[in-house]
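This report concerns only the one structure given below.
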Amino acid sequence: MNLARVIGTVVSTRKDPQMGGLKFLLVQPVNPEGQAQGNPVVAVDAVGAGPGEMILYATGSSARQTILTKDRPCDAVIMAIVDNWEVGGQIKYKKGVND
Amino acid sequence: MNLARVIGTVVSTRKDPQMGGLKFLLVQPVNPEGQAQGNPVVAVDAVGAGPGEMILYATGSSARQTILTKDRPCDAVIMAIVDNWEVGGQIKYKKGVND
Amino acid sequence: MNLARVIGTVVSTRKDPQMGGLKFLLVQPVNPEGQAQGNPVVAVDAVGAGPGEMILYATGSSARQTILTKDRPCDAVIMAIVDNWEVGGQIKYKKGVND
Amino acid sequence: MNLARVIGTVVSTRKDPQMGGLKFLLVQPVNPEGQAQGNPVVAVDAVGAGPGEMILYATGSSARQTILTKDRPCDAVIMAIVDNWEVGGQIKYKKGVND
Amino acid sequence: MNLARVIGTVVSTRKDPQMGGLKFLLVQPVNPEGQAQGNPVVAVDAVGAGPGEMILYATGSSARQTILTKDRPCDAVIMAIVDNWEVGGQIKYKKGVND
């Protein structure tokens, strides 16, 4: 999984029928310091994530292991909203503080 | 999934029988600003995408979860045509406006 | 899938029994201009590709969706020989002309 | 699999139900010299790894082949704690010595 | 698949039970000239490869298609030992000569 921040939304009306009802969010991967790193990806939201939130997303076939995404042509899913993380015992991100 | 623009077409007559009847499109991944980023890939079109359109494509085993691509040696599929996307509340792309 | 040119052959006699009878080709990915880009990979040939030919190859589990490669430890397969491709309406490669 | 060092922990209370009870660790990939290389990833711990330990993690669908992670939206799992490794007959890392 | 040279061994006693009895080798990917390129990975040995040998390894779910690795949390497997390879009709590596 990767740490990322929700930075936007993608809207599509003409899509594969199995993608109906799913919400596409743009997420920007971040490094352990919370800084943007690498290219943004589009992930299906399975946990009700909102703009600006730090999340975890899973890719590949693992992105189809949520009830929402099962058997759908989805290769990235937000499966957790992050409360906090620490590196070497030091809190690097805490929800509500480092947003 | 990744945001990308359809930039071309690939034609093949000698191919795996399971790939018969599928349309191969060249797609150029773009960043949230809509600028080309990374290498183009060849994706099967599952939604009737046309040249110049912004799309979403899925990769890996997820690319085989459309009716068209099921059980075929296909590792990238266009599964949505993008209407618009926003970053931080600002529209970055709108179909018909930023084409 | 990726566009690539067949540049060589790999020979192995001591291999997993399930790889018996398969032909390993070295393929060099190319960009839409037909120029080498990225690292060569070794792909199993499922379509009778020859040296110098432009091909499409699929990776991951999708590489096991041909009759030849089913259930085998193969993560890249040549599943199409390319006749031509165009970008923005302009032919960039045509078999027999740009070889 | 990749060699990596456990550098931190990620906490999430709002997550996909299937991720309940799993521990997310931040791991930093290392090269054969034991130096950080590439971006950290978040992996589920299947072997009781602790901070600072050198581990092996597996990605993709293979990350779902442990009892803990089966059928869950998990794309990276720590499946081994490393005792030591050698390159060209020379020990490059030994647990308890190079920590 | 990728061409790589076996450069070392990784030892782990505390690991997922399904990884018991498997041998972890460090392999360094090489380019068609036989030179190191990219980061080393840890692969399970399914063919009895030895130090210094040139091999092919497969990744992802394809790494679980050997008898040894089936259903195990293994994402890279050595599935062939290379005798030789040629590029453009010229032998670039021959076992016993270019070791």
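Letters A, B, C, D and E name the chains as they come in the text, with residue numbers starting at 1 for each one.
Going forward, a residue touches a chain if its C-beta (ideal position, glycine included) is under 8 Å from a C-beta of that chain, and two chains touch if they have at least 3 such contacts.
These figures come from a predicted structure and were not determined experimentally.
Peer 1: List every chain that touches both chain D and chain E.
Peer 2: Under the touch definition, chain D and chain E have no mutual neighbours whatsoever.
Peer 1: With a step meaning a move to a chain it touches, how many steps does the shortest path from chain A to chain C take?
Peer 2: 2
Peer 1: Superimpose the Cα atoms of chain B on the matching ones in chain C and note the rotation angle, 0 to 180, in steps of 5 degrees.
Peer 2: 70
Peer 1: Centre to centre, by mean C-alpha position, how many angstrom separate chain C and chain D?
Peer 2: A distance of 33 Å separates the two centres.
Peer 1: Cα centroid separation between chain C and chain E, in whole Å?
Peer 2: Centre-to-centre distance between chain C and chain E: 20 Å.
Peer 1: Which chain D residues touch at least two other chains?
Peer 2: 59-61, 63-64
Peer 1: Round the ring, from chain D on through chain E, what is the full list of chains in order?
Peer 2: Sequence of chains in the ring starting at chain D, next chain E: D, E, C, B, A.
Peer 1: Touching chain C in the complex: which residues of chain E?
Peer 2: Listed in rising order, the residues are 1-3, 29, 31-32, 37-38, 46-48, 56, 58-66, 69, 77, 79-89, 92.
Peer 1: Applying the document's contact rule, which stretches of chain E touch chain D when the two form their complex?
Peer 2: Answer in residue numbers: 7-16, 18-19, 24, 26, 39-43, 51, 59-61, 63-64, 71-76.
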